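See the structures that follow.
Presented sequentially are two complexes of chain A, the first with chain B as partner and the second with chain C.
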Partner chain A sequence: MSDYAIQTHHLTRYFGAKRVVFDLNLGVPCGSIFGFLGRNGSGKTTTLRMVLGLLSPTWGSSSILGHDSQSLPPHIRARIGYLAEGHPVHGWMRVRDAQAYQKRLYPRWNDDLFRSVLEFFRVDPKTRARNMSRGERAGLCLAMTLAPEPDLLILDDPAIGLDPVARRSLLESMVYATRRADRTIIFSSHLLADIERMADHIAVLDYSILRAQCSLETFRSCVQQFVLRFEGPPPELPPIRGVIQCVPRQSEIRLTLVNVTGQTRALLENLGAVRIDEIPISLEDSFVSYLGGTLENVRLPETPKVAELAGGVA
Partner chain B sequence: MISIFLRELRENLKWAAVIFGVLLVMVLHELRDPPTMLLFDLPQRYTLWLGPIAGLLMGVVQVLFETRPDNWGFVVHRPVPRAGIFLAKCAAGLLLLYAALALPCLVAVISAARPGRLAIPFQGRMVFPMLADVLNAGCYYFAGMVLTLRKARWLGTRLLPLGVPLASSAIAIMFIAPFWQALLVILIVQAIGAAAAWGVFADNGAAERRVATRFALGAMVYAGAIGMAIGLVGFSQGFTPGGRWQYYQVDRDGNVVLITQTIQHGERGWAFTDPAGRPLPQYDRVDLDDPAYANQFLRFNARLVDRESIPWPITVLYTSAGYRSPMPGLIPLRAVAPAGVRLRFSAVYDIPQRAIDLFDPVTRMPIGLVGPAGFSPPDQPPIERFAGTPLLPFLQGGSHVLAFDSIVYWIELDHRRVRPVFVPQPDDPVFSAAEVGPAIDSKILIATTHRLHLLERSGQLVWSAPLDQDPMRCNFDAALLPANRHLVLRTFSNPGTKPYCNVVSEYSVDGMLLHQVELPRLTDFRSPKKIETMAFGAIFPVAARAICPSWILDEVLDVKTEEFSNFFDEFMWSSAILCAILTLLIARRCGMGWSKTIAWSSANLLLGPAGVATMLALYDWPARERCVACGRSRLAARRDCSHCGAPLASAPQDGREIFEPAEAFGLHGAALPVA
Partner chain C sequence: MPVDISIATGSSVPIYRQIADQVCRAVATGLLVAGEQVPSVRALAEQLVLNPNTVARTYADLIRDGVLEARKGKGVFVAKRRVVYTKAERLRRLDSSLAAFVNEGIKLGFTPEELCEAVERKLREFEAAAEKGATSP
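Now for the complex of A and B:
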């Protein structure tokens, strides 16, 4: 038995001329809660679909629970809970219809778990899915995903479109689901607060390419922000390895860097700054800087003065 | 799987109810005052088009939910094989579709089978047309699934899979006589549709993994491409500004007239010459659109054909010999009483019973049977039955002549009897007989294998003359000249037979052959059909040329491939060679291996432009990018460069990478994949 619930090898997918996932080598450790991060269109959903055998890769391979993704037998699928993006559910079904339908399909169906998740989301069992609010539908979908007692839970952007209360409920349900130590959860999200609260490991996709795979702590420690203050206008920066964001201002440069080494620090000190401050950075800021694009040597426009504005209006 | 089947049933019940309701309303409307041929009229009026619409609707709505990839993932990510999910879905869909269509039809059948509902005897074969339509809906059901799920442009190839069910309808309805053959065609088309639907369902619209399903999808797309090409060629002819056509007529004096009709900018004109091309001044002012000239030419109202000589598909197209026609079981008899005599019953020839059934038109109850020995009441079997199936039942309606190969009868149903008028020699059986001349003073024209016999209605022989044409190669039209009662016989070669024959013969009142004119074949190179035929040649597959005779194409598609065969073949071969070259280029562009390239090129040499369209529909146009090793354009979706063989470089690193060793994950002895 592999130590990884999910493994991919050079997984690549093209849609026509568009490269969506490229040369992805990913390992999701068994028993981990794995946050899958990336901007819209970075290839998270495509990766999850390929891993589940719902989409064939252009090349490369993947395995899930030790089986080739493209030929998953039914008993392995029974061990994988998948909550697709957008919380799909048959609209005509009432909650009890959905329960009865799912129960017949899954051998390890847990009625109590199903009911408790629904109660947590305050879903009326008589309601039809099409008449539910987004939060209620998310609750129903999550209940349907958790009740089969899966060994591996794959949640594709589960909190999308939910209000903060529903999102919190969803996360708490997921926490409930992690009570089993041997259960692996992989979920993709844009919401860093959710990742921070839930995940112990993360992977970051940056436009089809895997840029990071590490524990949350490692990621946090690897992304650092410095403010370099100068007496006059800041100089042109030489190429510095690991710069992910550079915001020049009148007499300072705010630099966000990854994998800062002693060599990097020495390079910064030689820039002629009168003062170098390392400032704390939140995970969300780290992530935004990490994936938000490099603004190297880009000066933000000066804020117009009030008098100029008034003159313009006059 | 059962739970998926039940869910599909529940989910799509409403659509089945709509189909059922619509058809039931139509059937009940017809049942208020049912036509005599109710069970043949219902398919023609309703199930023929409602079946396909219902099938298409059910196929589309059943997979509409799965068109979104997330929903599709939700449906197929189950501890059930994907094939099982598809089977359950199809089983539920087809069950609902067939039930929704069959139950109203069953109401019609039960009603028709009750005595007193229809003035004809009920026969089991009457359910075949409706049964075929109901089953044919399944072909559209799978096509609906394919065109909904398949990822293609709506204005591109997405609708082309409809070609196969449309072809199936055309074949099963228009070209096939026995019901079992129609059933076979429907089952084959359903199997193709099911395989293609399975392919697109299993691959979420791509149909890229399984060879058999890809082949089935290709067959569906190809049929659609061919159908669309034929439609476009036919449609383009609507824009032809004018044209010229030539044909022969016989005037009321028995002279052959060659008519040249021209249409220029909507204006029609005619030129009249003799067969040698000499103008006929007496026709200078004749306008054939003017009703005053409606009787300018002789009307041939009697046709003599040997049924053994009629080739397929003429048998189905024009002789009502198919399972959708009442003819193979029943022959409605019309004009069976002398002028001025009103019959108080309707009559049909019951082929299985070999007797004429009489029905009360008001109560629609049987009155009795007429056989060769006369009338018998309905509760008694006929004293004697007829010899078998009448010759050419499709020509019988409206005629008093009831012909068998061993005897010919004159029908006198006003006396509830038939009267034998002619018994042939045993070695010279009758192959056809007809009533010829005006209704009030008609005669009986009987053709045996070697002779032609003209009889009075009483059965008295007027004359008998040798028939110098082979009835297995020719068919005959006959008329009496109004002035002198001479018989004019036009002899045509049967479709597909050679040499060409078009002869006009005139017989005197005592059966002497007065003169015979052999008419040359008309080939008018200014006919608009020439361009249409050439255009049709450009789209016609070479593979079909060997198996589909020209005359069938001419009959079915209304072109002139026999007449302009050289042009047709030149265009067909030129197009085929172009298609093969184009396929070669496309295949190389797609990065196919040489064996696959040659296979596709050879196939498209035989399949023509529709084959190229199919190929483009099955393969995505390949994306290309520059190879970092050799700098040439390489296929993006292939790991190794097709020019230099260098593998694609790994994902570029920009210094931002954060990867932890496996130990940091608490995994001992396991290597974490490294990007």
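Now for the complex of A and C:
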């Protein structure tokens, strides 16, 4: 058995001339809670749909639970729980209709789990899906995804449109789902707070390209911020490997770097600064610096990859 | 565990570190005493709504540092204080946290005297908390 619940090899997809996913080598370790990050339109949903075999790649391949995504046998499909983006439900169904409908399809259906998730979201079982609030609908969707006791859970932006209370219910359900230690969860999200609580591994997609793939801790420790203070206006900086953001102020420069090496440190120390301080940085700030802000800079061909240092799967 | 652990996302301190710091503080102030059981990884993860691997990681660190101990089949307990580091290592660790403290203090414009007072005040707080911890049921 492979150590990865999901693996992709040079997975690529174009829609017409538009490149949506490019040369993606992803590895989701078994038993991990894997956060899939990236800005809107970066290719996350398309990747997940290819991995699930719902969409064929332009080239490249992927496997899920050890089987090729494009020819998944039903008994493997039954071990995968997929929550599609936007919490789609059949509007006319009440909770018990949805339960009866889904239950027949899955041999390992767990009624207790189904009920627990609905309770987390305080869904009244008599409501029809079309009359449910966004949060209740998310609860119903999640219950239908979790109750079949899947080995692998794929949640495409499960927190989208949820209020803080429903979001917390979602996270509680996810923690609950990890009671089976061998279960793998991959979820995409824009909410760094949720990533921080839930993910042990992350992958970051940007403009269809994988920019980082490592443990959350590695990502945090690879992105560092320094303030260099000078006795006058700061000098023009030479090119420094790994700089992702550079904000000069009156007599200081704030630098955000990835993969700082001894060499980089030596370079920083030779710029004539009177002091150099490392400033602790939050996950959100490191993520925004890594992907956002000075885009011209980030898109440089020698854009540093966290995965280089992290020993990613690639 | 009579200690309320709370965590904050969006902090520059990673969550596993936040938990470890709070457990250490509770032990140092006597809120947690040697031999007391702490919640299981699963229970704390569900209480704080966290990835259980994060809690497991914190516990592993605290066990390595001799703050907690795992008893097979029974759970995780506060360890009797024992020295897991050599004197030299303890001095090294103390020195690096002192350096950070002094740097920050000077940067904020405090005088050396004020910094010494601040340390003494903090130690008195700890002692007071420890006495309270020891007398409470």
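Simple rule for what comes next: the second predicted complex is superposed on the first by the 293 of 314 C-alpha atoms of A that agree within 3 Å, B and C clash if a C-alpha of one lies under 4 Å from a C-alpha of the other, contacts with A are read in each partner's own complex, and residues count from 1 in each chain.
Heads up, the rule we're going with is that a residue touches a chain if its C-beta (ideal position, glycine included) is under 8 Å from a C-beta of that chain, and two chains touch if they have at least 3 such contacts.
For clarity, every value in this text was computed on a predicted model and none was experimentally measured.
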Superposed partners chain B and chain C on chain A - clash or fit: fit
Which superposed partner A:N25 touches (first chain B, second chain C, both, neither): first
Partner chain in contact with A:D3 - chain B first, chain C second, else both or neither: first
Winner by number of chain A residues touched, once chain B and chain C are compared: B
Partner chain(s) touched by A:R77 [first = chain B, second = chain C, both, neither]: first
Touched partner set for A:E196, first chain B, second chain C, both or neither: second
Contacts of A:R168 with chain B and chain C, given as first, second, both or neither: second
Contacts of A:R220 with chain B and chain C, given as first, second, both or neither: second
Touched partner set for A:L54, first chain B, second chain C, both or neither: first
Which superposed partner A:L283 touches (first chain B, second chain C, both, neither): second
Minimum C-alpha separation between chain B and chain C after superposing on chain A, in Å: 12
Contacts on chain A seen with chain B and repeated with chain C across the two complexes: 32
Chain B residues touching chain A - in the complex, by the definition given at the top: 2-4, 7, 10-11, 65, 68-74, 76-81, 203-204, 206, 208-209, 620-621, 623-624, 636-639, 648, 650-652, 655-660, 662, 664-667, 669-670, 672-675
Residues of chain A that touch chain B when the two form their complex: 2-4, 7-9, 12, 14, 16-19, 22-27, 29, 32, 49, 52, 54-56, 58-59, 74-75, 77-78, 80, 82, 84-86, 88-90, 92, 100-101, 104-107, 156, 201, 204, 206, 209-215, 218-219, 222, 241-242, 244, 258-259, 290
Touching residues (chain side chain A, partner chain C) in the complex: 32-33, 168, 171-172, 175-176, 178-179, 192-193, 196-200, 217, 220, 277, 280-284
Complex contact set, residues of chain C against chain A: 9-16, 42, 45-46, 49-54, 107
